[in-house]
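Labels for the chains are A, B, C, D, E and F, by order of writing; each one numbers its residues from 1.
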Amino acid sequence: MNAVLAVIRRDLLLAMRRKSEVLTALFFFVIVTSLFPLGIGPEPALLKKIAPGVLWVAALLATMLGLQRMFAADHADGTLEQMVLSPTPLGLLVGGKIAAHWMLSGLPLVLLAPVLGLQFDLDVGALGVLMLALLLGTPLLSLIGAIGAALTLGLRGGGVLLSLLVLPLYVPALIFGAGAVEAHIAGLGAGGHLSLLAALLALAAFFAPWATTAALRIALE
Amino acid sequence: MNAVLAVIRRDLLLAMRRKSEVLTALFFFVIVTSLFPLGIGPEPALLKKIAPGVLWVAALLATMLGLQRMFAADHADGTLEQMVLSPTPLGLLVGGKIAAHWMLSGLPLVLLAPVLGLQFDLDVGALGVLMLALLLGTPLLSLIGAIGAALTLGLRGGGVLLSLLVLPLYVPALIFGAGAVEAHIAGLGAGGHLSLLAALLALAAFFAPWATTAALRIALE
Amino acid sequence: MLSIHGLSCVRGERRLFAGLDFAVGPGEWLHVRGENGAGKTSLLRLLVGLMAPAEGEIRWNGENVRTLGEDYRRHLLFLGHHGAVKEELSALENLQLASQLDGDALADRSALAALHRFGLKGREELPVRFLSAGQKRRVLLARLVTKQAKLWILDEPFTALDVKAVDMLSALIGEHLADGGMAILTSHQAMPIPGGRELQL
Amino acid sequence: MLSIHGLSCVRGERRLFAGLDFAVGPGEWLHVRGENGAGKTSLLRLLVGLMAPAEGEIRWNGENVRTLGEDYRRHLLFLGHHGAVKEELSALENLQLASQLDGDALADRSALAALHRFGLKGREELPVRFLSAGQKRRVLLARLVTKQAKLWILDEPFTALDVKAVDMLSALIGEHLADGGMAILTSHQAMPIPGGRELQL
Amino acid sequence: MNNKLIHWFKYASPQSFYPLAGKMIPWFWGLAAAFGVVGLWLSFFVAPTDAQQGEGYRIIFVHVPASWMSMFIYLVLAAWAGLGLALNTRLSGMMASALAPTGALMAFLALWTGAFWGKPMWGTWWVWDARITSELILFFLYLGFIALQAAIDDPRRADKAGAILALVGVVNVPIIYFSVKWWNTLHQGSSVSVGKSSMAVTMLWGMLFMALCFWMYSIAVALMRVRAIILEREAHTEWVKELNEVKS
Amino acid sequence: MIWNSPAEFFAMGGYALYVWGSFGVCAIALAMEPILVRKRQNQILQSLRRERIADELENEVSEKAHARESGR
């Protein structure tokens, strides 16, 4: 357990040291969402309608950006080998890395989303649902993403290949996440969507570290 | 001149060797555009309205993904040092790398965009304008992106920092590019937007290699 | 005690070695030699379990290391060609984090002592990126002092080290052996450590 | 002829060396020595122009290399700590692309000859990633044969090489010097090349 | 280990499977051709004109088999992949890689024929209907599998990594399907559901025969491809060098 | 028979483009795939044969050398 905390602490420390890293996933999120009004035009009704979808797609892309680096640096400098050789089970350490990734790329989005939602003229209730959906959805993204990151590890064309592998798997999170907000706006109640999201999260929390560990071992052979 | 062709050939060869790389920028484009309807909902009228914006934002993100690797691999393994030490002027070699980047990440998008346009129910004329706008716009994205890639080289948090630097610079391309298609759909004629895009391209073709070279020299010091 | 039985290694379609048998007991060390590409690194990676052998078995005190798992890794320290140091972190942080990964915390005091022993005084807080090739290597080697492991498996530990550091490291390995430790090393140079057997690949 | 006048190097707040003067003429070679972190790599990077000196000047045939630019770089071959080889490409492709970067094409025949000379027969087409540490190094060193440069600047060229390769490389450097070439090398080991001066940092 | 298992493992070795597959291929081609001829005859000359869609509905005779096969092949692929991970047999990975391109092709054909059906029936090449969207995502999953395997050049590693991806995918396919379906029906808009209640019996037979044809075709092509893969991967073994094809 | 003339058959009740566009692409794809697989198989066989010939040549050379050795 100590080792897991050490992994989380280390990843956070590294991110702080690279300074830019903490804030930039966030800025990417902000910039991508801000690009849409520029590309689509300023009509408020239209913007409000597409807001949940745009916010979720942006969140998805923002979490995906950091994925590639999740194991790559550790792989390149040999730390990953040391992790495999550590007495702590690899699955736990991987869990730590996933948690750190979420804290760096998921959590900030959850906290910032309401501000961006305001730009799209969402009301308070919808903002709450948006935050809750992101809170359930972003760990799911990190968990699924970790599998992709491990599978593409050491493959030089990895970054884009990773998105090819991971984005299709993100579809349910996107649909239920954006769906929750839309259902709330339409007055249908977001409960169903949110509980499905939670169920998916539980499923992924169970399987993803296992699959990631298996993929990492293969990458290191 | 020989050396420039060698650089282009080498980058294309490397991409082929990593096999997936050629097709995946393309697939990223396809997948990201396909995500939007999933987030926003299937209403054709709404989708048609946001199509130019979505396609352009996706194109922008797809070109941006490959940017980080533009110089990173060469930097990490010391090839960049050898390029600086080569008797050929660095500016030319950099031009070659930018050209290769465009061929790998811009050109395929231009060719595939019409198919995706069909998914959003755009008509033939709009598809033509879309292709033309992308043909002018994607080299611009590669040129501007190269500056960002060079500036963030060797900064470990580079990937996300890069998007932070580059995306704001992409805004004019986005506005004129998506604007051209929207203007055409609205029956206003796309000529003005397209010629502005062409002017930007000329300007960037002139300055960007120079700025990139300067940034690279700084990164290597 | 580490013992190897009929070990073979295949990389790609190339058989690097086959039917290898040897054992290393307390206080013994093995010098793996061979030309470039002979399979020294591959052998070490097999021994620590980063690669699976094509044939044969690796046993720790008589038990297969595959089944032992953590109980084997706890006694093991492997330093490879790779730096395994984070360029953004300082030498001190690197050392402490490496220990934490093994599940034990390392006090500032002992970490600093280890670094000083390796001649990094005054560079403890500098990001490793700024260190010279040899200094980076020394940061890595400082783990020899901080991790209590019975079996050291070191791939070309003397690379990039200057003469003084080579002597220092040899002395350290000597102490480890005198304490009943075991070591398996590769190196292209002659090794200034008494005793030890050679394995020619 | 390369000559250095009052060269100083500052990294961070550390002054690594100052007021360095020396010259290397045709057929001469210089062995840069010093402990880890003394500034050997920094000196070489200054010489090739990858870093700017804090003080002093570097001249090639009497002219400052900053003003000479390409005319200096054409005569120069620098091989550093880094591999400068692409892991996905084969040894052959790496060698040919490196030549093309310098503006001259390299025929398959001469590239293969260079690789065979460095004992890479049968590995020409394998992605470099699969090669051993020493073999990767040899791919890099093959450039010594294929690029016609007057001044060789090599940072620890003997790292990771086995005994045979070390002899081979020494012979190669000897030939180069006999042809009127110049060389500046760093190494922690004694160098089996006759002649040459030492520079202690 | 009992005898049956040994027997099974014998055929699971590439060496004995290679000639076996060679013997099976002509049979499957024959079956595919026979079913194809009957199916095409039924679909063009026996099945009556549809009351609503006129002759355009005949696309169903390739659309539905392609759609079914694209989904079925993914299941088979994942099964082989799982078997490979569990038992560490080399052949399983080869079968999985051999199936993927055919599956992707089937998914592509389903999309293509669907689009060519949609234009005359719905007036648009594409709608974001649940079934259609999930087929698109299935296509992406195939491409991801192929791209991943292509990016790894050690075949053993490629097999294992591909297997993990296939298994993760197979867990996800139903989730994706239901999520998309729900997404779509919640804010129902434009998608037109096909009136299929009054499907004539001859149409059913036609579809059935065409589906059998596609099925046999897929097996035949996959076997051909697996033979090529076996040769590529085992090129350095003695038994390959002793093959008659190689000697001549 | 439900068609009165070949022309009517090919016209497909006005849906020619769509019906033949679907069936045609399917036919092309299903015909191309085995051809491509066949090509792949032939390529690998070709290189295997070449390798075999090279092996044989090498053996001959070494055998000759051996014969000369023992002859001396």
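We adopt the following convention: a residue touches a chain if its C-beta (ideal position, glycine included) is under 8 Å from a C-beta of that chain, and two chains touch if they have at least 3 such contacts.
For clarity, every value in this text was computed on a predicted model and none was experimentally measured.
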Shared interface partners, meaning chains that touch subunit B and subunit D: none
Ranking chain pairs by contacts puts first A-B
Rounded to a multiple of 5 degrees, the Cα superposition angle from subunit A to subunit B is 180
Taking the mean of the C-alpha atoms as each chain's centre, how many Å separate subunit A from subunit D? 45
Distance in whole angstrom between the CA centres of subunit B and subunit E is 35
Cα centroid separation, subunit A vs subunit B, in Å, comes to 24
Could you say which residues in subunit E touch two or more other chains, in rising order? 140, 143, 147-148, 151, 154, 180, 183, 187, 235
Among all residues of subunit A, which ones touch two or more of the remaining chains? 18, 73, 155-157, 161, 164, 167-168, 171, 175, 182, 221
Residues of subunit D engaged with two or more neighbouring chains: 87-88, 127
Sort out for me which residues of subunit A touch subunit B in the complex. 15, 18-21, 24-25, 27-28, 31-32, 35-36, 38-41, 46, 49-50, 52-54, 56-57, 60-61, 65-66, 68-69, 73, 155-157, 159-161, 163-164, 167-168, 170-171, 174-175, 178, 182
Contacts from subunit E onto subunit F in the complex sit at residues 44-46, 48-49, 54-56, 58-59, 62-63, 66, 101-102, 105, 108-109, 112-113, 116-117, 119-120, 217, 220-221, 224-225, 227-228, 231-232, 235, 240-241, 245-248
Residue numbers of subunit B touching subunit E in their complex, please. 18-20, 23-24, 27, 30-31, 34, 37-38, 41-44, 47, 118-119, 121
Subunit C-touching residues of subunit A, taken from the complex the two chains share: 2-3, 6-7, 9-10, 13-14, 17-18, 73, 76-79, 81-89, 93, 220-221
Which residues of subunit E touch subunit B in the complex? 124-129, 133, 136, 140, 143, 147-148, 150-151, 180, 183-184, 187, 189-191
